[in-house]
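The structure appears right after this line, and notes come after that.
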Amino acid sequence: MSTPTWNNRGFTAPFTATGTSALVPPPPWHYAGWLFNVAFSFDAARALPLVPPAAGRPVGRGCVHFADWQACTDGHELLDPILAQYRETIVVLELERPDGSRCMYCPAIWVDQDISLMRGLLQGWPKKMGSTWLTRSLPLDHPAAAPLRAGSRLGAALAVKDRRLIEAQATLRGEAGRPLGFLAMPTVGAVGWADLRRPEAMPEPCLVRPDIRDKVQSAWHAADAQLRIHPHPGEDIACLGEIEVSDAAAGWVGITVAGAVDAGG
Amino acid sequence: MSTPTWNNRGFTAPFTATGTSALVPPPPWHYAGWLFNVAFSFDAARALPLVPPAAGRPVGRGCVHFADWQACTDGHELLDPILAQYRETIVVLELERPDGSRCMYCPAIWVDQDISLMRGLLQGWPKKMGSTWLTRSLPLDHPAAAPLRAGSRLGAALAVKDRRLIEAQATLRGEAGRPLGFLAMPTVGAVGWADLRRPEAMPEPCLVRPDIRDKVQSAWHAADAQLRIHPHPGEDIACLGEIEVSDAAAGWVGITVAGAVDAGG
Amino acid sequence: MSTPTWNNRGFTAPFTATGTSALVPPPPWHYAGWLFNVAFSFDAARALPLVPPAAGRPVGRGCVHFADWQACTDGHELLDPILAQYRETIVVLELERPDGSRCMYCPAIWVDQDISLMRGLLQGWPKKMGSTWLTRSLPLDHPAAAPLRAGSRLGAALAVKDRRLIEAQATLRGEAGRPLGFLAMPTVGAVGWADLRRPEAMPEPCLVRPDIRDKVQSAWHAADAQLRIHPHPGEDIACLGEIEVSDAAAGWVGITVAGAVDAGG
Amino acid sequence: MSTPTWNNRGFTAPFTATGTSALVPPPPWHYAGWLFNVAFSFDAARALPLVPPAAGRPVGRGCVHFADWQACTDGHELLDPILAQYRETIVVLELERPDGSRCMYCPAIWVDQDISLMRGLLQGWPKKMGSTWLTRSLPLDHPAAAPLRAGSRLGAALAVKDRRLIEAQATLRGEAGRPLGFLAMPTVGAVGWADLRRPEAMPEPCLVRPDIRDKVQSAWHAADAQLRIHPHPGEDIACLGEIEVSDAAAGWVGITVAGAVDAGG
C-alpha cells in the first residue's frame, strides 16, 4: 500500500498541499508606492549596536522612508486591495562594507499588514507592526490636495504599540529631488530564525541582498524637512542620538523582487 | 462678585472654553480624494423604505462611491495626516424632488475615522464605521501601479462589523469618463438627533443640502465594472435587490463645504 | 391616490422605515464590564475651561476609568460580540452643583466602537475615538493572570490619534476597595449638536442625567496606583496640571440606561 | 586594533546588540486566557491536504478555540497591556501519529498582534492576522454579563481580510464541561522558513511539540453550540466540508511555554 503523496505547496505557513492558505506566495513580488524620504546624518558610533559588523560599518548617514504601498504577485491582489495595500516606515543606515563598497542596512521597519511583514522578514527587512500615516500629493489645485509644487506641505508619522516614534514634516521646494536611502544604494538585510528547541540561543542571522528588478521611479520632488525620533521603551532606534536632516524628497517608485542573493557575512 | 464667563468654543463635543478638544472644528472643510464610482440601476420601488418622501421619490438609479480622502481646515491636518486621511464607501440614490427637480440622497455610508463620521452626520451623510479598501492608480508603468490606461484593473471593497457588504471590480477603458453620483447632482441629506429624554420617540430628521464651493475635478477615467451588495444583518442596503451597473469612472476630486442650507421637507 | 406612509424607525442615522440600519437602537441599553478606576485630586481652578458653569463648579477631584465593556439591548449582540464589546477611557470631574449637591461631569472620553460613541453622545458623554488597553484579572493562579489578590499588578493606557494620552499602573492591595468616580455619584452630561445652517454658531449644550437602573457591582478591589496625563495637541485634559492619585480600585459593574432626564442648566 | 565585539541579543528580528527591539524575547512565555472551545467531527479524508503525513493521519475530529489571551515574560507586559493582550482563533485536528499515539495538529490560526504571530510561528502554530471577537462571561447577574450559568448565551466570530470565516454561538448548559482540542492532547506543529535565495523551493517544515509547563485550568463550563466555517478565497479550512459539533465548553486556562522539542517527521 502506497503512502499518500503530500507535497507542501505553501511558501510560508500554513504549509498545505493546496498552497491556498500560505500567507505569502513565492516571488516575483511587485511593489508600487508613494514615498516620502528624509535623509539624515548622525554620530556613526551610536549605530554600532544596530548593525552586525559582518554587514559593514555605519558611516553616520541614514534615511527614513514613509511609504504607502500597493503590492501584488499575479495581479489578483489589485482586485481585492486589502491584499495589496499597506503603509510602512523604514529606517536604513549607510554602511561601508568590508570590501570598501557602500550599501544600506535596515535596522528597523514597521508595517501594518501581515503579508508584508512576512515578505519583509524573508528579505532581511526586520518588520514589526506599526501605524504609519503620510500625506499624499494629489493632482488637484485644492487646499487639501498637497499638489506637487513649491510650498505644499506634507506630514508623516509612525506609532508603535500606541506610542509616537517617528514624525516628519516637509515643505516642497518646487525643485527636482534625488533618490535617497534604499532608492539610491543596494540594501543588505539580516535574516534569521530562532529555534525553540534551543531557546537559550540567539539566532546567527545571515546577510542577503534582495534581487530587485524592473525598478521605475517617477521624478523625485525635493523638500525641506524636519525629522524627530522619540524615545520608546520597545525600540532602540532613538539610540542614534541627535540627527540632522540632510535632504528630503517625495515621489513614486515601482520595484519587483525576484528573490535574494547571499551578501557575505 | 461676577459669575465666571464661560463660552463654549467647541463646535462638537466635548464642549470646552478652549475648543481644543472638539472632535470637529467649524467649516470650511476642505476635501480632496481619489474616487472610484460605480453607477447602477434598480427597481425604484425597493428603495422606498430608505428615503423620506419629503426628500423625493427614488427613480431607480444610484451610485456607489469608494473614496480615499484627505481633508483639512487650516491645513495643520496635512502635517499630522492621521487627522486628515480616511476612506469611505458612499451609496447615493437619485430622487425626483417634490418640485420636479433631481437630487441625490444618501441612505448609507461608512467611514473609518471619527472626525469624518461626525462631520458627515452634521451634513446629513448618515455615517457609521466601516472598512473600505480601493486600488489606487499610480503614475508609474509597473504591474502594481494600476496606471490610468486601458486595461488597468481596480478593485474596491467595504466591510461593516467584519462582514463584506459591497465589492466592486473594474477595468479601465482608456476613455474619458463622466462625473457620477454625488459628483453630478446636488445631494440632500437627513439630519436628526435622538433625544434620550424621550427615548420612545424616533427623531424627525430635517433635510439639508451641503453648501459646496471650490469644486475641482480631474479628468474622469471610464471603466467597465462589476458591483455586488451582499446581505448583512445590520444593513438594509441589500433591499435594493438586483442592481445593474450602468457606468463607472475613477479620478480625483476636491471640494470645500462651507455650511448647509435647508432643503425643504 | 395616497402618499406612501413612511415612518422613520431609526433612532439614530441612517433613518429608514425598517430601522435595521440605525447605528443605535432605542434604550434600554445594558452594560457590563471590567473597570479599573483611579481617583485623583488637582487644582480645581484649572478645570474651569472644561466645565459649563451651569453644571456646577469643579471641586478639585476627579477619576479616570479604564473600562472593558460588553453591552446589549435584547441580547442578540452577545451572539455576535463585535456588536457588544468595546473599551474606553473615561474622565469625570466632581462638581458642586448650583443647588449645593454633588455630581460628576465628563469632560473627556474615548472609545473604540461607533455604536458606543453615538450612544454616549446622546447621554452627554462626549465620546471620540481612542485606543484603550487594560489588564484583566483572570480567576487563575498563573503569572499572566493578574488574579485578584495582594501584589497582582495591572496596567492601562489610552492613545488618541496614535499618541499616548493617559497611562496608569497599579498593584492590588488585597483589601476591599470603594466605588469611585461615576460609580459613586450621579453624572451630568452636556448634549449639543452643531447646526451647519449656522456654521458660525457654537451649540449651546443642554445638561442631562442618564436614567440608570439595575446597577450591580462586584466587590471592588483596592489598589495603589500611578496615573499620568500627557500633553496632546488635540486634547485639553492635560490642562488639569499636576494630579495626585487619592484612591484606586478594580472590579466589575453592570448598569442599564433607560433614557435621560433634564439636569438643569 | 580589535574588531568591535558585537553579539546579537535579539531572539527575533530586528537583531541588535541591545535586544531591546526584538519583537519576541526568549521563553519562558506565560499565557492566561478565556477560551471558548467547540469540538467537531468531519470526513477525515478531507483533511489530508492540510496535514503533513509525517505528523500523522487525521481521524475526523477537530476543535475550534476562540481565545482572549493575556501573555507575558517577566511581567512588564501586564503593566502596558498592549504588549500582553490579543485575541485569536485556533483550529486543531486530531491525528493518529505514526507510532499509534494521538496528538493535535494546527493547520490554521489567526491572531491580532504581531508579538503573538511570531511566537506562534516559532512553535509551529501557523499564525496569520485575523479579527476574533468572543463574548466574555463576567461574574455579575446582569443581562450583558453572560454569567456562568445555564442559559447564558455566548458568541464568537473570526474575520480574515475583512471576510467572516468562522462563527459560533453557544448556550451554557450549567454543567461541568471537559477540556477539548489542544487542552486535551499534546499538539504538534510544523515550523519552516522559506529561503529567498531559492525562491522556487517550498520549505520542508520540521515537526515540533511545544514544551508546556505550569498548566492551570479553571473548571470548564459545558455548552450547546453551533459552528460554521464559510468559504474564503485565501483559506482552505472550508475544505473540511460538513462539520458536526460534538461538544463545547468555555473557561479559563493558563500555560507556560519553555521551548519546544522535536516531534519526529
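A, B, C and D are the chain letters, set down in written order, and residue numbers restart from 1 in every chain.
We take it that a contact is a pair of C-beta atoms (placed from the backbone, for glycine too) under 8 Å apart; a residue touches a chain by one contact, two chains touch by 3 or more.
Not measured: the values here are computed from a predicted model.
Least step count on the touch graph, chain B to chain D: 1. One copy, chain A, sits rotated relative to the other, chain B; on C-alpha atoms the angle is 180 degrees to the nearest 5. Using mean Cα coordinates as chain centres, the one most removed from chain D is B. Both copies, chain A and chain D, contribute mostly matching positions to the interface they share, with over half of the numbers common to the two. Centroids built from CA atoms put chain B at 33 Å from chain A. Chain centres here are Cα averages; for chain B and chain C they lie 29 Å apart. Chain A and chain C have Cα centroids lying 39 Å from one another.
Residues of chain A in contact with at least two other chains: 80, 82, 131, 133, 157, 162. A complete topology is adopted by the chain contact network, contact being made between every pair of chains.
Residues of chain C that touch chain D in their complex: 30-34, 70-72, 75, 78-82, 84-85, 131, 133-136, 138-146, 153-157, 167, 169, 214, 216, 218, 252-254, 256.
Those residues of chain C whose C-beta lies close enough to touch chain B in the complex are 3-4, 6-18, 20-21, 23-24, 26-27, 48-53, 80, 82-83, 107-108, 113-114, 117, 121-123, 126-129, 161-162, 190-200, 202-205, 208, 210-211, 233-237, 239, 258-262.
By the touch criterion given at the top, residues 131, 133, 157, 159, 162-164 of chain A touch chain C in their complex.
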